[in-house]
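What follows are several structures.
Shared between the two complexes below is chain A, which has chain B as its partner in the first and chain C in the second.
What follows is the complex of A and B.
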């Protein structure tokens, strides 16, 4: 089973590496990281922080963009181009195929992250900005967030068109970034239904703000171990549940 | 052949599709049943939209039947392990076009559980078999339709399956390519493989298949051995005669119940095998010249057309 999943995953990475979209997004991200030098130079006192703020944001946004834009067509393209016919005729289950595609895209986003992080660290060191363990924790949690977003994009890709899947995935990401704020706003509301709705929104939709340690990293604020492992477990658990849902839907589909 | 040699068993398969978003359902398979025996080449024949590809997709578990049961090598088609022994070429296959032919075959070999030690040799042998050794390191996006069909056949055979399902395997091939595929299918039978071939190219069925099932509008309308079809059919001959006196054609029509068609001074007539001698004697007796006698066998095509016509009523 592992070998079959790995075969699909490595082929997915190969497909991404040979596609132009990845290089366009990666090039754009590196350009933004480098532009941090120019933006940072506009400030006399905060240049290092601005540079790293821009850099981490570029890593996160471009990672999410790849996760969504590649992820939404991950399954649909296989069905649309009928490449799935000959694959599922081999001794591989639909679940293994879906897991392989997911894993392949996760590896692709991490590969892309590695390139961007190398640029980020190089630019930081060249400009004298500190690189600490908190930066490492922030980047690790961005990786977890990307894994979760790949799972969500894969979920939508399992049953709808790329356009709708893009719309839904971006929607989940935007709302997911705000659920914590919504819950906090709801908590001070006098209306019970508003309070209850915002609490449940926060429980059901992913709390993506929990993966964001950029402020702590850039400003050198202290973090605890729980600030890292709790979001890590939460993100992996959430992604696993989303993938189980995707597999359940994918298992029932007819490929006409 | 006894039941233990049954490789493919289809029992009362029913499939409905929803043409649009509405609740209305259209039945595309009406409880079809058939069996394919070990070592035979089984032709699954029917006009476009008859349900051939739907049946094949159910057998490959790409779509699920609403009723009925299908099994291959004794396993329900919903299982996956037995697919190690199954090869499949879909109609108009499409593959990852960013891969080379060699990479593609390695990919399918790995998926099929071909061990690393055997993979390279097996891939090379298949590339030679389908005549793609020269293009093995070119990306598939540069392949012609015929080359894609060949690499599709290669991926179906890469893991040395016991049973091979081919959906329109001659599609996109030139006459030489078609002959090569026919020869390959016959070679597979000689190696003891079972081949299930869905097609609407009837001469290919006549030349390769042992048994045939004709499906029309989602129902199996005819199923028999190819030899049986020809044995049961009435043999005829086409005679071309010249210099017939004007009164003779009418007499031949009256006596032998034949229809004559004239081309200048030549008359063409299709005669039942048992009447050939009588017609020739009658013609020669009045000084006619016999230009040609061509034995004529009722083709699968005429049977197919009859079955389709009856099925469409």
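What follows is the complex of A and C.
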């Protein structure tokens, strides 16, 4: 089973790295990371901090864009080219196929992350900005966030068109960034149902703010091990739940 | 065929020219002034900015910080209104990313033109102290605001006192706290405070500077004795002294001898400061109190009342 999933995953990586969109987004991210030098120099103080703020923001936004835009078309491309019939005719289950696609895209996003991080570290070191273990923790959690976003994009691409899957994925990402704010806003409401709804929205929807350690990294603030491993477990667990849902839907999907 | 294609080319060129002219005219007629100039929607509410930044708080904070720098930098003279707007921007910056360092002091540097501005500055500096408890500079700025702009010397002393032992704090802070305390707590409390510092400080240079401040307090104590003697002289003679020696010379002198103008330095004398009319030691040239010009004293009395209204 692992061999079959691995074959699909490596093929997905090969297919994804041929995508022009991927290089456009990667190029954009690198440009923004480099532009951090110029943006930082506009401030007469704390240039290093600004450079790293911009760099980490670029890594995160580009990573999410790659995860969503490349992720949503994965299944659709196979259906569109009718290659899915050939693949599913072989001894491979639909669940394994979906898992392989997911793993392939995760590997692709991590590959892109590696390139962006190399540029980020190089620019930081060249300009004298410190790079610490907390930066590593922040980048690790961005990777977890991207994994979760790939799972969400895979989930939507399992049953709908790329256009709709893009809208849904972006929607989940935006709301996921805001669930804590929603909960806090609901907490001050006088209406019990609003308070309860926002609390449950925060519990059910992905709490993407928990993967954000950028401020801690840039300011060199102390973080505990729990600040890293709890979001790590949460992200992996959430992605697993989403994938199980995606597999359940994909197995019932009619491709005719 | 060729004529038709040439005609099409001419038409395209004409459309291009017309579009260029129309675009240029429309753009030049537009109101392209920056929000900073008009003030409309210049600074969004912090809660709104937090929501719309989608977790990119630090990068959005940087954007508003650069906007604040550009806003102040583009002004030849920074009026009170400008400073207040910059203060709002820094409030936003520090709400999005409260761990920033310099923006707090940037605001404190510019928010000085009115009691309202100083109150805003103090609010930001208190936030700075909460997030950077080991940075002496924020406490120093806050203490300075209390003393210089609002005449709240005791508050200033308390704020700066907490900065004395922080890393990098300059040694003069202890002396400043001492001076700020003399008005309300009296010389004895100041002396006790300085003696305590001498006892707990391990840095020999700092200890020396505290001991110098103790000498200054000693001298001030003697100067105050001379002030009392001067009052007695005025009552007895119906006129003021022309020199400090008048207190000990003549048949109706009020003192047997003058106290030393410094605890251990020789060759010094007591003089009357021509500017203030006060009796001062020639070693220090001024009395033991924070220096403040007269017009600032008047202003800060007014601002103190206004600031309380703003704070409430």
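One rule holds for everything that comes next: the second predicted complex is superposed on the first by the 256 of 256 C-alpha atoms of A that agree within 3 Å, B and C clash if a C-alpha of one lies under 4 Å from a C-alpha of the other, contacts with A are read in each partner's own complex, and residues count from 1 in each chain.
As a convention for this text, a residue touches a chain if its C-beta (ideal position, glycine included) is under 8 Å from a C-beta of that chain, and two chains touch if they have at least 3 such contacts.
This is a predicted model, so every value here is computed, not measured.
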item: When chain B and chain C are modelled together on chain A, clash or fit; value: fit
item: Partner chain(s) touched by A:86 [first = chain B, second = chain C, both, neither]; value: first
item: Chain B versus chain C as contact partner of A:65, first or second or both or neither; value: neither
item: Chain B versus chain C as contact partner of A:142, first or second or both or neither; value: neither
item: Which superposed partner A:152 touches (first chain B, second chain C, both, neither); value: neither
item: From chain A, separation angle of chain B and chain C (C-alpha centres, steps of 10 degrees); value: 160
item: Partner chain in contact with A:14 - chain B first, chain C second, else both or neither; value: first
item: Which superposed partner A:254 touches (first chain B, second chain C, both, neither); value: first
item: Partner chain in contact with A:74 - chain B first, chain C second, else both or neither; value: neither
item: Overlay on chain A, chain C to chain B nearest C-alpha distance, Å; value: 36
item: Sites on chain B touched by chain A in the complex; value: 17, 57, 60-64, 80-84, 86-90, 92-96, 98-99, 107-108, 110-113, 152, 155-156, 159, 165
item: Residues of chain A touching chain B in the complex; value: 3-4, 7-8, 11, 14-15, 18-19, 81-93, 252, 254-256
item: Contact set on chain C toward chain A in their complex; value: 50-51, 54-59, 61-62, 65-66, 69-70, 97, 99-102, 106
item: For the chain A and chain C complex, residues of the former touching the latter; value: 39, 42-46, 49-50, 53-54, 56-57, 60-61, 174, 177-178, 181, 208-209, 212, 214-215, 218-219, 221
